[in-house]
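In the two complexes below, chain A is the common chain; its partner is chain B in one and chain C in the other.
Right after this comes the complex of A and B.
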């Protein structure tokens, strides 16, 4: 149980929690000042829980039921601009309805933290996970991190505030989790005490840019061709600094909470000596780890990498980790229509990382689990088997697709 | 429902300007903007912040009062000002008001009255941001939304909005041999719509920056003093968009009011008071107002007559002229 501490108690209690519950606990513990809600499956559980905290007197914050996601995210952005710690969240098309606010929250450099309960983009309607929603902010100046357990959701939300609000960073952060598989599945988590959280997470201070009568600033005037490039560059410099801050934050997190996050950016599972490395994000890691264990038992040299931080992308670290292998299998719970080689988003990020590597492994893409379809242990074992035997030009495979696609590089896998 | 007396008391409690001589000289919207000569929307800016004073935070939705006002490093704003998105006026006010309330309650900043004001144009406030402003008026926060209405998207080269008057020429509604009148919509009646539908909203007013003198500034003062979510809708003559010489801005504002086309009133806790009662005055023919503007030069007699009929109908037939069209647009089924 709890108590690996010296003076103050680090953990309050254990409880059964879903992924969204984990985030709700973190929002409460972070003493968030303002949160705005709007319903859409599957992220909503976090707002249900926070509303109940307010009703029970367990959490002191301004709670606004917005009139739409656009307003919801603008409320978060402007609360953050007056120096209040803000939380928002959404899923799928709701996240896209807020897109204008998402873009400006990033360019205004306001450290709002948002939960994205990943959901397929309508139409036709599908509640299940697909990573395309969160990925749409990948070029906008958001920090984006994927979590795969409820504990990791709690921890990462606290870390998200710590990184986002760092005076050298000041960028919004999206905590993404697989809809259904994590938003709605429960396991036992350890809930930290408020005292330990306040040791880890300092007060939010926007500094010179805060909107307050004592600090009469003008925020976001027209810059046009005069200053746009310099401001874009400043934002990018902040993203660069974010990387170091992420390393620091995880180190501090480990020391305060006794956690064991070795590499903040990705977890490696049995990658030592692996000839084939499978890489994916989110809850696919459960099936992938078991698949790797089984294949290892049979003597196959296989490993798995669970990518956590998608922005900033751990370019150097991944290049080092992946170029040791002969083959890399990318599991994409997303799709990039009309992109290079008709592969997924993660696939092309990984290929781009490996372009400059001395040892270039064969990279094969697997479009899998779209719209919440299960990616089973057997599926991952099949992914490894195809990666080993497929020809160099068979780059993209759709896992468990019902119909055979003729032509191109799409090859059907048996379910 | 609040009693008449209570409403009256609150109405009278604001320290109002009684003469132009007791209007503060200090400016909080100063030089640095690039608005046109004769721009009434710029006056709307200057006067609201004069009335609200330095303990104020402001967001401005995208529009001419963003683009023409705030060029990087030459801001006219002496109070904190931030840009917000075209349709985010209401939400921006909620965000700031909620943030300040939480920070004050938790003792993170000094507890004091800080005025939270958003201004949005007719495109941003009356069209795209209407839902967000509705959301803001449903809260219990102290915030004021000002819809500054120059009857077009004046920043993007004068395009028609749903608050552009019937028949007006804009770049989206030109006149031509096949279609003399392109813009066939009657002006959306935003202020009463918001007043009727939002039980939390404590104060709604219409105003014109220049006329009657001090009326607009006093309405800002009242809105801020009464507190809660409040809304002011201003009509701002625009030389560029309405096509007239800048020297006539003040005159056109007056004519819009005196012709009865733009009713001036305030609604405090459900009670409507006219601040210029066109029922008791002899109304100037609407034609006098329309003829002075280039955007109506394609009008023929029947267009002027239509305008006059609509205005007469509003003042003679509506249950509450300008506000509640029960006998005008809406009628009880027999």
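Right after this comes the complex of A and C.
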């Protein structure tokens, strides 16, 4: 038989693509049936690109422009319930406008894939990246994954469909990417062939849950107190199963596309023997890796972990990886005012992971890059230096902030 | 950790790795969006084709969907750095601090740019460094453009690629080889980014059309390069804004706004001093007050409320706020009364009505000289490009105006 097996070409071509282009390519390759859209920067790039694919005859899908994000995400949810592969997406305040639909998509266990082009929440109306938008679905039953390159955006969107639609999972998945730094930055990527994608990604099949005149079902009726807790427990089980499915999906992705995702949940960069480990999500990874390289050249024992999957959170894996270090510096591109120790969201997730560790490293938080503020190589080097010398009770630092060190606490602007 | 205020208020110049060529591509929103993207993409693809690392991005805070607003794309090229290193150094910011090559797709951008409110009008050559080059596509001589730039304490080059600005629509690019000509010009002025052989091979492989290859070569040969010295240019009035520390501004995102106010006459309306938007224009409306019938349509239709009513029933224009959209010229019912004229023909934004009232005949003569006899026929989104008609003579001056 081996002699007759046809080799499939895995990659079509190289292309200059932004993060949103990468996602649009994946949506085309996944042969998505329904694409519901409503414009908001930085997510809009996907709309532009998919419209062009359809206009050029390269993609066939229902492209529905909704009257707002709430309708947009409802359309995605409903399409998914009748067995159509659906794609939606938004950014910042638009993502929040869809919040009711976001919650129901998760509780209805419909495997919609969404792009969150991370954007600062209004107000002020800023375009720059903050992770708070995507983090608002962290407790709702969404799978949430952060990507940091255009290639990873393409790959991860395909993986997202594979994981979300797995019959043992059936949960929606949000692919998050930094607005501006990734959505609008263009790099050369490899675009896989449709044949190879179909090898990796089977057709979406909702099975007996599909809503159809021949299969009359009613989804999510009003229930009384007898049911809710058991439904939540079911969803918890699915969230736990998702982890194994993610491992399996990356393994197969590597074998079909020749990629090299060794650990699906996070990338480790020079963590071997590292006394200080920096951890962050999204595009901060390029500055962090270069900073670590430079510090290693000076003989400093430093490493970096780029966290990819935020839900499900890789609790055991991260506990193992981080508890080898003496110090952990968390870079939070988000805020959680009034939370434990006034730290960011990721900081408190990481701390709780380390609570049960035998060796507890000191964990220091760095609120950085809010609203699109840059995080430079030098900034990350300073993060490491502060982590090494700060006192035990110095838990949270703000990076790249304009701050006056002297004078009164609050001087009003003259009018 | 607190960084020094200087970092975000401009005076820093980080020592970047030497082997990064930063190309800034300045274009006009909507009309040149595709052209700007084509050029940055082509630079990356062509550099990639010869094994260099390259990527591109756009200035994220821009609004390329707005008519004529100054926007920028960037392309970064490196011979030795890897993708990750190049990105960490070059892409960490939304804007570049310095550029080794500045491309200007419309020569009227030489009058400065204001892409965003509250930051003032900055010079087009703000990012040039010693030994770098700023390239305009223009019908003007380098000496003329030099005068408009900001004085710099070092030497650099100003290059002109002879040609017209290429304008099209938001989604399409008028295929007039402008993008290819820019590649040819880049090869001439910055062979370290792309040499002409690379450009020729890239264009040949992409289009399989020798005429397009010729366009690149023609541009390569026709570029005029001129040295700019510290004596050239003007002291630019631009002051980079100093941004306050978090303790130093009001809570609740409240900013000072424009006080309501109206007086009859030039500059009579209160307008936002922090965002004038006048740098969006490539043409300004020139009014023949002597033939104006006072119908009010220009004042009524102007989307930016740039017209100020005058005591004699005419309408003055505030050119600082005019974006050059051409709406007034479109709605004006009087033949040749409001005509759009190349912005580079003007050296001030003074009230045209005041100039007219001072000496009506002289005003009309000077304006007719600037207008010439060629009239552009507006041809929005036909894709056919501009059409022109030639007048035999200008409308004669009406000494007493229209009653």
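Criterion: the second predicted complex is superposed on the first by the 397 of 415 C-alpha atoms of A that agree within 3 Å, B and C clash if a C-alpha of one lies under 4 Å from a C-alpha of the other, contacts with A are read in each partner's own complex, and residues count from 1 in each chain.
Here is the rule we use: a residue touches a chain if its C-beta (ideal position, glycine included) is under 8 Å from a C-beta of that chain, and two chains touch if they have at least 3 such contacts.
In this text, all values refer to a predicted model and were calculated from it rather than measured experimentally.
With chain A as the common reference, the superposed partners chain B and chain C fit together side by side. Centred on chain A, the angle reaching out to chain B and chain C in the chain A superposition, using CA centres, is 90 degrees in steps of 10.
Touch criterion met: A:401 reaches chain C, while chain B stays clear of it. In the superposition on chain A, no contact is made by A:155 with either chain B or chain C.
In the superposed pair of complexes, A:212 makes contact with chain B only, with no contact to chain C. In the superposed model, A:377 makes contact with chain C only, not with chain B.
With both structures placed on the common chain, the touch criterion links A:287 to chain C but leaves chain B unconnected. Once the two complexes are overlaid on the shared chain, A:21 sits clear of chain B and of chain C alike. When the shared chain is aligned, chain C comes close enough to touch A:180, but chain B does not.
Shared-chain residue A:130: touches no atom of chain B or chain C. Fitting both structures onto chain A leaves chain B and chain C with a minimum C-alpha separation of 21 Å. Across the complex, chain A is touched by residues 1-3, 5, 7-8, 14, 40-41, 44-45, 48, 54-58, 60-61, 83-85, 87-89, 91-94, 243-250, 253, 256 of chain C. Against chain B, in their complex, chain A makes its touches with residues 31, 33-34, 36, 60-62, 64, 66-68, 70-72, 74-84, 86, 100-101, 104, 108, 203, 211-213, 215-224, 226-227. Within the complex formed with chain A, the residues of chain B that make contact are 54-57, 59, 66-67, 70-73, 75, 77-85, 87-88, 90-96, 98-103, 105-106, 108-109, 114, 131-132, 134-135, 138-139.
Chain contact summary for the complex, chain A toward chain C: residues 14, 16, 18, 42, 123-124, 127-128, 179-181, 184-188, 283, 286-287, 289-291, 366, 372, 374-379, 382-383, 386, 397-405, 407-413, 415.
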